[in-house]
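Which chain is which? They are A, B, C and D, in the order written, and residues in each are numbered from 1.
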């Protein structure tokens, strides 16, 4: 089978490769990309907790295709047999990578330098890897931040990606490894999520909430405010909209002109919204507005008073904006990136844009719960190829109410 | 303007024709259908509670178009000036109407017989009207139930449709005359709905619930069961699926094989589902299953024990079915039709097929709340051209939990 | 691992069990249902076209759980080691099965009778199996059609389910084994589907179209009419709505009052719709209307003239209905069931209710393409656990236009 | 009625105030915001083309409420009787407005300065107005661009908003004043849009396309490329994603790793995507890449070669980005704002974020067509309170194919 191909490579797989579906995905990948394989040997553990082993020869019609296949297999945890050191080349210009650069996954990765395997610092997908061979150090770096001459990893030699094990315990993240449709019992899942939050907090882990403006429009901001006040939120990501609407609610009792206490239309258009923006701009910042007694309640008030880290990332549809909003998107990404270490769970609530952006930045190991009433959004957010992500197709307002209830019962 | 047209007719409008948007809709209708109009006179009340009056001449290029326009205007409340008695013709065959038959609206209607206006019995849209001129009696009748020789109303003379006034009080059905998106505060609306339910029950009105199977899948059946037990539901419409899944949950604790207490998959496919169907078929009916002690809990158990009216209407995708299911769709429609008199509010929860079917049968005056997580379904269900209908884009499970809470608080 | 359980059973798996993901799904199923396993032996083919073999011991805490697990594994193709003859028991009443009855899958199945394996006649899921042991014959039967005393298969001994192999060739049904979102190139898939249709027709296979009313509303009926006329459709399933709207379009040029040539609103409500129904009821049937020269064009006209099999299945929301509509849903299911043998491809176009009903009736081997603009509908229709089904999230109108173009280019 | 209120104001309405639904919306607005009114006089045109007149006294419980009501009525075209000059106050700080600032609509507006009505320069909603009283000049300005001391309009005196007339001719934008669901005939609408595009181009107007990345993923980029090459697109708005995917398609034939010619998966993840970004970054810009012969086809190639104006606005989820992308969102808004004058039609295709941003910038008079397969997106984009906007729930790929066909037929 593989004999007919000029280009071949031997790979090995170890661990729960059958139970975790790694082996069939390896077979699929090879065939989907136009290659072929031969199973040189295989050992399957007698019991499910035992580790297995497989040794394959992979063939492809061209070296390029073989490279593509091997790169994919590495993401699944395959290791090349007789592996060499990682290859690298200098960046030709600031913000530009050598053409054959290796692009990272969101999984823990090791690199072979001088015959030793060292861990990659900074787990995030679609980044470059910059080496310091002398110090035996390797770290991820965004394309735009690479400087001319940086020693950038290329090719696929000397790279090992460690796939996540699938968890089997009786918990939301094991039984719910796909999107939870609106037709499944969500109350159970929400209470599971509450239990995980308490566990993470108990061991000193951080909880990240990515929040969309519908939380304010739907009157659910007080629930999120309560979660912040009670210490269940360590990091908050959002945009200008959620902050502006929250300030509008705090100052005028409305969100986009809808009275949140009566549900009735108070005044059309964006008038209150624009005034809320202006009020914070006059104060200088959200913190200044709190200090000056201008902002005395709401989600952002709670975030300021509790002292949690929040990043407001600008978007092209922003009015104002609130002075805290980072209007340059690369700077905003970086501010988000800085806030992620230590985060063990991310709740993405009714926030497609910021949710996707956050998903790009998170290591695969962060447990992620994507909540939206639109199944397409949940599918997009939850589609990260990891057992750690669940999607909940449900109403953000009622989700937050239930989660607050569940955590209060704690 | 109207002079250029051979076919003209004069119409009058009375009441809150400007405030209720009747007059602009009249103008739109005439122009959309290719006609023209001339305002012969208009009087607008000085204050909003005063009634107004308008007198128009309507013209159209052909008598057919004029007929179409006038029919539409009648649905908006227009009356022909110098109106004649209603016209009729015998049905040519069983189940067949004379070609020019008048098709009803879902609004209260009066007919002119022998110079006197009499009310039409049975308000439902898209039906024929059968007259008993001798007794001065007129009633709606479905096409399929008309018998040869029945005296069927044709044309558009002698027919007055009474539009509903728009309510202005501070309540869900006034401030919420359109679909409530998932981005608006729904908790408020749910509490408003709870208040209306209590008012309707207090004055002896009936509440109809149209329930889809997702209520059971999502674990929300106990809430609906509680509403039935507490006397808040008088009539229940559903299909085979909700009854079968509810029985499955009562007998096996699962819904489509998902354990409702743990959320985990108990057993694939439809095995429990099929066994639940078989168990009730063996008993003979839901009531028999309750009497024999086979069925001891769940939604249908509560409905049987409480003695409320329920109609299970069959559909082409049914397994089994449960013996209570009416498998002929015309018979099922009729059973639903019989159960509607006295109903003042209809809750359509996660049920597109049965919800639309029920919407077809209800008078426009019945306050209708359509709840679904899919905005397209809500739009379809709520699009009945009446101020009495609201749509809620939200999660049925969390909606029922909140409604039960709101009604329990009394 | 399995020793701790009283209940154990040995199973064997043969074929492409790794490549086709059968083995990992077997492991998952055992663990998801609370069992454990031990791999007694495994042989993996050296090349992908070689067959593999696995021998497992499965344990569970109770015999009931073990039974549930084994039933699931059988659906994946597992065979019990040392298997016995199939067990059976007489049906206790008309339309009622013995409690432990075996419920079928939609996969080819063999039964062991008198030590010999015989094929099950009639592949359809969720049915009972009735045996004629004397003649060595076994056939599926719907629960409602079982008669008292029929010899019904129970338990899980002596039953072998043959899973479908995954196809690997370069074609729509191999590369597209999941739903095709609106964001993937659909023109390619449509042309692939056209190619498959031509192949199936060339070898004498049948094409089934399940058609929803939006096809008419959106002006796409002429494309479907063309496909029928050109012989690409052998069987048509639909409801009252598509036939009624099609007749309305043929008689009045409108669909629900919208002029299909100009897109403008001709006349509100259902007037033309009701008249169309009445006209066919007067004629007696669609065929009679064609014979009498009442119906001279449209989808149903083409179906009548071409003489293809069509089944119109009633639903609870029907007006009229058209006389050809089967108003009893069990009778309608049976009429659909009779029309399925020979069908090799099913196109489900903008039809959730009839699409799901058809999906329930089809063997897994029928290639199924589910087309709807609503991703939830596509997910529901395409979620049949088979490599043979693809879903296309796209516009039915433009899909049919492109398919007609592709088939015309033939 | 109004006597009971301390605060009253007299307003006048002129024009097609009944036909265009202005009068009933005025009544609704007053009552919805808690006011009352008295009709002092009314004159309705005898024929539909004649203008009407109404004179009302409006009352409210507080001057603040009256101000809110009057502001809303001004947006509907009401003029205060006995109106004074516009009021203004200096901006207190850079980027901060006086608290009572007037926030603009997207309708043509006149201001009374020194007793004379002058037109406002720059029609865009939610902006401030900065006056030059000496020169009799007034222009809109974004909050963030206001400088300390700028003379900013406040209150609601001396401001007249001119509502758009509703068009009645037989064209897409008259019969389609709401979202066109997937169930309506869209081919007709697409051909209407093509006709309008030709008319606009014939009279020298500009066409703006706002394009989302799904255009490339779905293989529809060549259609848009053809529209650009044929001169039907003057301005193109998009983000990093569409440009990056288009470059990926041009360089590698893939979009997010999917081969656009075969639909099959070439290589997982973002590898080609990242390389495409790197290639353009190496070249320096899209234009440089074209000049250097790196980029030789695709959408962006056509845009560069044709010399049309394009603005790529950054977003928080961007990789790379392409050097042409404006990463600061306020700068990007401004670049978009500069490109809008002269635009008479905007097509927003599968682009929620950039579509909403563009909608915020456009005058209400620009005919806008929002195309998306997700009805929620269409609703959001088309909900601009103008007769000039239509929404099409359809597939972007097939829409562009049909539009290209329709324009080629010319």
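Everything below uses one rule, namely that a contact is a pair of C-beta atoms (placed from the backbone, for glycine too) under 8 Å apart; a residue touches a chain by one contact, two chains touch by 3 or more.
Since this is a predicted model, take the numbers as computed values, not measurements.
Of all chains, B has its CA centroid at the greatest distance from the CA centroid of chain A.
Remark: among chain pairs B-C and B-D, B-C carries the greater number of C-beta contacts. Centroids of chain C and chain D (each the mean of its C-alpha atoms) stand 45 Å apart. If each chain is reduced to the centroid of its CA atoms, chain B and chain C end up 33 Å from each other. With centres set at the average Cα position, the gap from chain B to chain D is 38 Å.
In chain C, the residues that touch at least two other chains are 32, 175, 264-265, 376. Remark: chain B residues 29, 32-33, 68, 71-72, 75, 92-93, 95-97, 99, 101, 103, 105, 125-126, 143-144, 239, 264-271, 273-275, 277-279, 281-282, 313-321, 327-330, 332-333, 336, 353-354, 356-357, 360, 374, 376 touch chain C in the complex. Interface residues of chain A, counted against chain B in their complex, comprise 170, 172, 175-176, 182-189, 192, 214, 217-219, 258, 260-265, 373, 393-399, 401-402. Those residues of chain B whose C-beta lies close enough to touch chain D in the complex are 1, 18-19, 21, 23-24, 27-28, 31-32, 36-40, 42, 44-49, 168, 175, 375-376, 379.
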